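These notes open a run of structures that come right after.
The two complexes that follow have chain A in common; it is paired with chain B in the first and with chain C in the second.
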Partner chain A sequence: MTEPLQRPKRKDPLKRTRLPTQPPELRSRRSHLLTRAAAEGVFGLPGCSDCGALHYPARDTCPECLSDNITLLPCSDLGVLAGTTTVQISNNVYFRERSPWRVGLAVLDAGPRVVTHVHGDVHEGDRIRLTWRLDKSGNAVAFAEPEKPTPNMSDDAELREMTLDPKFRRVLVTDGRTALGQAVAKAFADAGAAIIFCGIADPWKPWPGEEKLKAIPGVEIMPLDVTDTDSVNDLADEIGGRVDIIVNTGEHIRPGGITDRRGVNVAREEIESGYLALMRLAQGFGPALKFRGADGVNSACAWVNVFSIYAQMAWPTYGAYSAQQAAMLGASLSLRGELRPGGVRVVHVFTGPTEDEWFQPLPPPKVSHGQIAKAVVDALRGGVEEAWVGDIAQDFRARLQQNPKALEREIGQ
Partner chain B sequence: MSKHLTGLLGAIASGGVKVVDLTFTLSPEFPTLVLPPEFGQCAPIRIEEVSRYDPRGPAWYWNNISMSEHCGTHYDAPIHWVTGKDLPNNSVDTIPPEHFIAPACVIDVSAKCAENPDYALTVADIEAWEKTHGRIPEKSWVLMRSDWSKRDFKAYANLREDGAHTPGPTPEVMQFLVNERGILGFGTETIGTDAGQAHHFAPPYPAHHFLHGNGRYGLQCLCNLDQLPAKGAVIFGAPLKIRQGSGSPLRVLAMVEQ
Partner chain C sequence: MAAGTIAHAPRKGYDGIVLAAPVTVPYARYSIESAHWWIGRALKGLTEAANIRRQDIDGFLVSSFSLFPDTAIGLTQHYGLSPRWLDHIPMGGASGVLALRKAARAVQMGDCTIAACVAGDTNHVDSFRKSLSTFSRFAQDAVFPYGSGGPNASFALICSNYMRMYGATREDFGKIAVAQRSNALKTPHALMKKPLTLDEYMSARLIADPIGLFDCVMPCAGAEAFLVMREETAKALGLPFARLLSTIERHNAYAEDAIQHRGGWTVDIAELYEMAGITPDRLSFIQTYDDYPVISLMQFEDLGLCKKGEAKDFIRQHSLTYDGTCPHNTSGGQLSVGQAGCAGGTLGTVEAIRQLTGQQLGGKVANARYGIVSGFGMITYDRGLASCAAILGAA
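Let's look at the complex of A and B:
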C-alpha cells in the first residue's frame, strides 16, 4: 500500500529552489507513436499493419516481415512483472536527484517485453497493468501499475512524476465568473487542491454563483482581467510563485460566421479575451511556472486550456468563434513547447457545444460544465495532454482522424 | 495679450481663480456602460505599454491606449443619439469650439440620491434652485450633483438583476431645461446622463432624447462637483476632434472664483 501523501510543509525561504531537470528526451520518430498514446491516455504497442506482429521498442521496420508499415496497434495492457531492480545512483541528473528509483521488466500477455518504471505497490511476479505515461521530458515511458487499484495509488512518488495530480497543489482558475470556472473550482476542491485562486474581472459587475463560489473550501477570489495586461501582470507578481496549475476557463462564445458581422469589434473582443488573454497569461505566469517545475511535492506542473472542438475545424455557424479558438490552440501548442523544458505540461481539453447561454438554440447533446471540470481533473490525474469530453467531441475526433475533408463538408449538418 | 486673458491668468496664478478638475483618471478598472450582451459593447479603457526605458525603447516611455468614445469622464455629441442624427454640426469635430467653454449651474440633490439611488431630478428641484440662485442662464451647463462619484466602483455602477440603479433626470426636467432654459448641456456624476432605469421612462433615456435632439451636449462621469459653487463656475471641456465622433473622453476643468 502506498503511503498517503502528506500536505507539504511550508518552504524554507532560505533554501534555493531547485531547477527542473529532465530525463532523457531523445526518441526515434517511430517512438512517438507511444508519445501519442501516452498523450491521449490510450494503450497499444507498435506493430506491423501487414503481418500483425507486435514489438517493443518501436522499430522502423517489422522484425518479422521487414515491412515499414508500422503503427500503434491496440492490444491487452496486462502482463507480469518478471523482475525489478532499484537504481541507487544514476549519471542522469534527473534520476540522480530522485534515486533510489525502481525499474523492472514487464512481460506482456500480448508478447513483447518492456523495460518499465514500476509502481511501489507491484513486486516481482505480480500481475500488472502497463500504461504509457509522459515523463517530465514530454516523452512516453512505460509504467507498470497494479492490475487493480490499490489504496492511495496515485500518491506513489514515481507515478506522481508522470501525473499532474491536483492534490495539495495550488490552482489558478482564470475566470471564476463563468459556470465553467465555478465548476472547475469545485472539482479542484474535491480533488484536494490546497488553494484555488479564482480570477474575477470587473468586480463592480454582479455575477451569478458568487456566494456559492466563495463558500468552496480553498477558494480565494483574486482580481484578474485577462483582457488587461496590467491586471494579469499585477496578479502574476502577487501569486505567480504560488501557482502550480493554471486552468484557463475564459469563454467568449458568440454566434456568426465571419461574413455575418458588421465590423470587427466582436472579433476583437474574441481575440482580446481568447488569444491575447492566453498570451498575457503566458507572459505573466509562464516564467514562474517553468522555474518551479521541480519545486517539491507541490511543484508547478500543468497548464490546462479548455477548447471548443471547433478550434480544429471551423463550424461556420460559429465561424468567428471557431477562428478565435484556432488562434488560441496555435498559441497553446507553442506554450506547450515553451513550458516543456520546465517540466510543466500543457493539457488541452476539447469539448463540443456546452450548456451555455450562447449555445441555447442548439439541440442536445450538450456538455455540462461539471463534465468538463471532471475531464480537467481526470486529465491531470491521468497525466495526459489531450482529452475529449462528451459524445460530440468523441465523434468529432474520430471523424477528424478518419477524413478531415468529410468532416469539413459535413460539419453542422 | 489682452487685458481679459491677462486678468484671468493673473487670477489663476494668484489663487483668485481656482481650477478644479472634474475628471476621473482613465483606468482599465473604471466601470463602463453595460448593454445586453447581444448588442455591440463599449470597449473598456486599455493601456498597453509600448516601451518603458527598456529594450523596446531605451530612453522613452509611452503607451498605446484603446477605448470607446464613451469611456471615463466623457462628452456626448448630438450625433450620439438617433434624435440628433440629422442636425448640423452634430459630431465632436464640427461642434463650434466656443461651446466648449460655458458657465455651470450645479443642482445639489446628493441628499435625495443618498436615500434613493433611482432618484430622478424634477422641475421642482430646478425651481427650488432658481429661488435661491436666480434663473438658469441660457447656454449654461446644468450639472446634477449626486455625490455618486464618491462611491466605490461597485456602488457606483450599482448593477442589480434588473439593471443599473443610479440617479438621473426625469423626462419633464429635460424638456424644461432644453426648451424653457435653453441650456448648453447637462452633466452628471454617473455612468450616463440618464438614470440607470431610464429605459423605462417615456421617452426612454430622456436626457439623450431631448438634449441631442435639440443639438445640446452631455457630460458624464464627472467628479468633484462638491467643490463647485451652485453658480458662477466656468467649465472648460473640449472633446477630442474625432472624425464624425459621437463623443470622447475629455479633461473637464472648472474655473471657480475664490
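Let's look at the complex of A and C:
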C-alpha cells in the first residue's frame, strides 16, 4: 500500500534548491507515436495497419509482414508484471538522485513485452494496467499500475514524477474575477492544493462571486493585472518562488470577424489581455518555475492554458477572438519547449463555447466553467498535455484530425 | 518454391583452417587513447607474434564499438594495410566466434591468405554511460529511459526469471565468479587481482537485484586479436596453431519466450558437435561469455554439457578453475579480467587458442585437446540477440 504523502514543511530559504535534471530524452521518430498517446492520455501500441500485428518497441517495418504501415493501434492495456528489479546504481544523474528506482517487464495480454516503470503497489506476477506517461524529459514511458485503484495510489513517488498532481502544491489562478477562475480555484481546493493564489486586478473593486471565492480554503487574493507588466512582475517577485502550478484563466471574448469591426481597438485589447498577458506571465513566472522543477514534493510542475477550440481553426463569427486564441496557442507551444528542460509541463485544455454571456446566442451544448475546472485538475492528475472538454470540443477534435479542410468549410454551419 | 520447402545446402567443414598468434593488449580501466590506438597495438602484436610484415596481412576484420566515426575501411589507411578481404562486425559478445567464422571461410575459399581478426575498444572516463544511452535504437527508445541501469537492470530480469524457473541460487552464480577470480590471479593483465570468497560475493552490495557487484564485469579498454590461415601457412611460418573444427551462430531465436532463459545455440547444437566429430565429454575446457554468471549457466545447458535447468547441479558437481574437473573461463573471463567492449567477446577465443597451443599467460589446462568457445550478446532490448559457438582442437 502506498504511504500517503505528507504535506511538505516550509522550505528553509537558505537551503540550496536542487536543479532539474532529466531522464534520457532521445527517441526515434516512430516512438513518438507513444509520446502522442501519453500526451493525450490514451493507450495503444505501435502496430501494423496491414496485418494487425502489434509490436514494441516501435518499429518502422512490421516483423510479421514487413509492411511499413505502422501506426498506433488501440488494444488492451492489461497484462502481467513478469519480473521486476530495483536499480540501485544508475548511469543517469536524474535516476541517481531518485534511486532506488523500480523497473520491470510487463507482458501484455495483447502480446508485446514492455520494459516499464513500476508502481509501488504492484509486484512480480501481479495483474497490471499499463499506461503511457510523459516523464520529466517530456517523452512517453510505460508505467505499470495496479489493475484496480489502490489507496493513495497517486502518491507513489515514481508515479508522481510523471503526473502533475495538485495535492500539496501551490497554484496561481491568474484571473479570479472570471467565473472560470473561480471554478478552477474551487477545483484545486478540492484536489488538495496547499495554496490557491487568485489574481485580481484592482482588488478594491468588488466583483461577482467575491465572498464565495474568499471562502474557499487555501485561497489568497493577490493583486494582479495581466495587462500591466509592473503588476505581473511585482507579484512574480513576491510569490514566484512559491508557485508550482499556473493556470491562465484570463478570458476576453468578443464576437465578430476581422472585417466586421471598424479599426483595431478591440483587437488590440484582445491581444493585450490575451497574447501579451501570456507573454508577461511567462516572463514574470517562467524563470522561477523552470528553476524549481525538481524542488521536492511540491516542485514546480505545470502551466495550464485554457484555450478555445477556435485557436486551432478560426470560426469567422468569432474571427478576431479565434485569431487571439491562435496567437496564444503559438506562444504556448513555444513556452512548452522552453519550460521542458526545467521539468515543467505546459498543458493545453481546449473547450468549446462556454456558458459565458458573450456566447449567449449560441445553442447548446455549452461547457460549464465547472466542467473546465474539472478537466484542468484531471489533466494535471493524469499528467497529460492535451485535454478536450465537452462534446463540442471532442467533435471538433475528431473532425480536425480526420480532415482539417472539411472542418474549415463546415465551421459555423 | 513454396515457403518452408527451401532446402539447406549441407555445410562444409573447415578442414585445414587454423588459428594462430593469440594477442592480448593488456587492459586498462580507463584510457586516454582511442580505439584506433588499441587496435593498432593489437595489429603490431600480431606481426610480432607471427613474425610477418603488415603487408602480409591480406584479410582484415575489426570488431569495435568505439571507432566512431571510422569503420574498418578507414583503418586500412590508418595502418597502411591493403587487404583484399575486409569486414567490420561490431557485435559485442559474439565478436570472437563470428570473426573466426567469417575469416575461416574467406581463407578457405582463397579470398585471402592471412586474416587478422582484431577486437578492440577504448574506455574513456564517461564513455560507458554515453555508449549505453545510444547502444541501440530499442535501448534508446524503450530501455535506457527506465532507470538507466544499463545491462545490469536488463540482466537482473533475466537472472531472477532463471532462478525462479530452474532453482539456481546466488551461491551457484557465486561459484562461477569465485572460480574465475582464482583463475585471474594467475593472469598478469587481469584487472581484478584480489582473491574473492563466496562470502564476499554474497555480501556485496546489490546493483539491481538479484545482480550484485560481483556479477558485473568492469568496463575497460583493451584489445584481443588472432590470425586465421591455412595449416600449411602456419607451418611455413613456424607458428603453433589450433584447428577450427566447427562453428554455429543463431540470432534472435526464441523470440516468443517472455523472458530469455535459453539462447540460439540449442537450435544448432547437434550440428556443432557433429561437425567437430566429438561429444561434449571430450572437451578439455569451456570458455563461455560471462557477462553475467547466469548467462554462463545458460550456456552450460544450451551447449549440451548438461540438461536444461541442470547447470546448477552441473557446477555444484564440478570444480571450475583451470585445474579443475571442468576448466571454465581459464584466464579469469570478463568477470575478473575486465570487459573491453568487443574485445570482451574475443577474450574467450584468444584464451582458447592460447590453451590449445601452450601459450597461456596464466593457469594451464592440462592436456588440452578440445575446447569450446561461446559467444553471446547484443542485448538491444530485453534479451541477448546473438549466440554462437566454436569448437577448436589442438594441432
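The criterion applied here is as follows: the second predicted complex is superposed on the first by the 411 of 413 C-alpha atoms of A that agree within 3 Å, B and C clash if a C-alpha of one lies under 4 Å from a C-alpha of the other, contacts with A are read in each partner's own complex, and residues count from 1 in each chain.
Everything below uses one rule, namely that a residue touches a chain if its C-beta (ideal position, glycine included) is under 8 Å from a C-beta of that chain, and two chains touch if they have at least 3 such contacts.
These figures come from a predicted structure and were not determined experimentally.
J.: Let's test your reading of the overlay: on chain A, do chain B and chain C clash or fit side by side?
T.: The answer is fit.
J.: Please indicate which partner A:204 is in contact with in the superposed arrangement: first for chain B, second for chain C, both, or neither.
T.: The answer is first: A:204 touches chain B but not chain C.
J.: Answer with first, second, both or neither: which of chain B and chain C does A:92 touch in the superposed model?
T.: second
J.: Now for A:269: first (chain B), second (chain C), both, or neither, which partner does it touch?
T.: So A:269 only meets chain B here.
J.: For A:115, decide between first (touching chain B), second (touching chain C), both and neither.
T.: second
J.: Between chain B and chain C, which makes contact with more of the residues in chain A?
T.: For chain A, the partner with the higher number of touched residues is C.
J.: Considering the aligned complexes, could you tell me the closest Cα pair distance between chain B and chain C in angstrom?
T.: So the smallest C-alpha to C-alpha spacing between these two chains is 39 Å.
J.: Kindly list the residues of chain A that each of chain B and chain C touches, one partner per complex.
T.: Chain A residues touching both partners: none found.
J.: Given the complex with chain A, which residues does chain C contribute to the contact?
T.: Touching chain A from chain C are residues 128-129, 132-134, 137-138, 140-150, 152-154, 156-157, 160-161, 205-211, 258-259, 381-382.
J.: In their shared complex, at which residues does chain A touch chain C?
T.: 23-28, 31, 56-58, 82-92, 94-95, 99, 101-105, 107, 113-117, 124, 135, 137, 139, 141-142
J.: List the residues on chain A that touch chain B in their complex, please.
T.: Those residues of chain A that touch chain B are 202-206, 225, 227-231, 265-266, 268-269.
J.: Applying the document's contact rule, which stretches of chain B touch chain A when the two form their complex?
T.: 28, 31, 34, 40-41, 43-44, 46-49, 152-154, 156-157, 159-161
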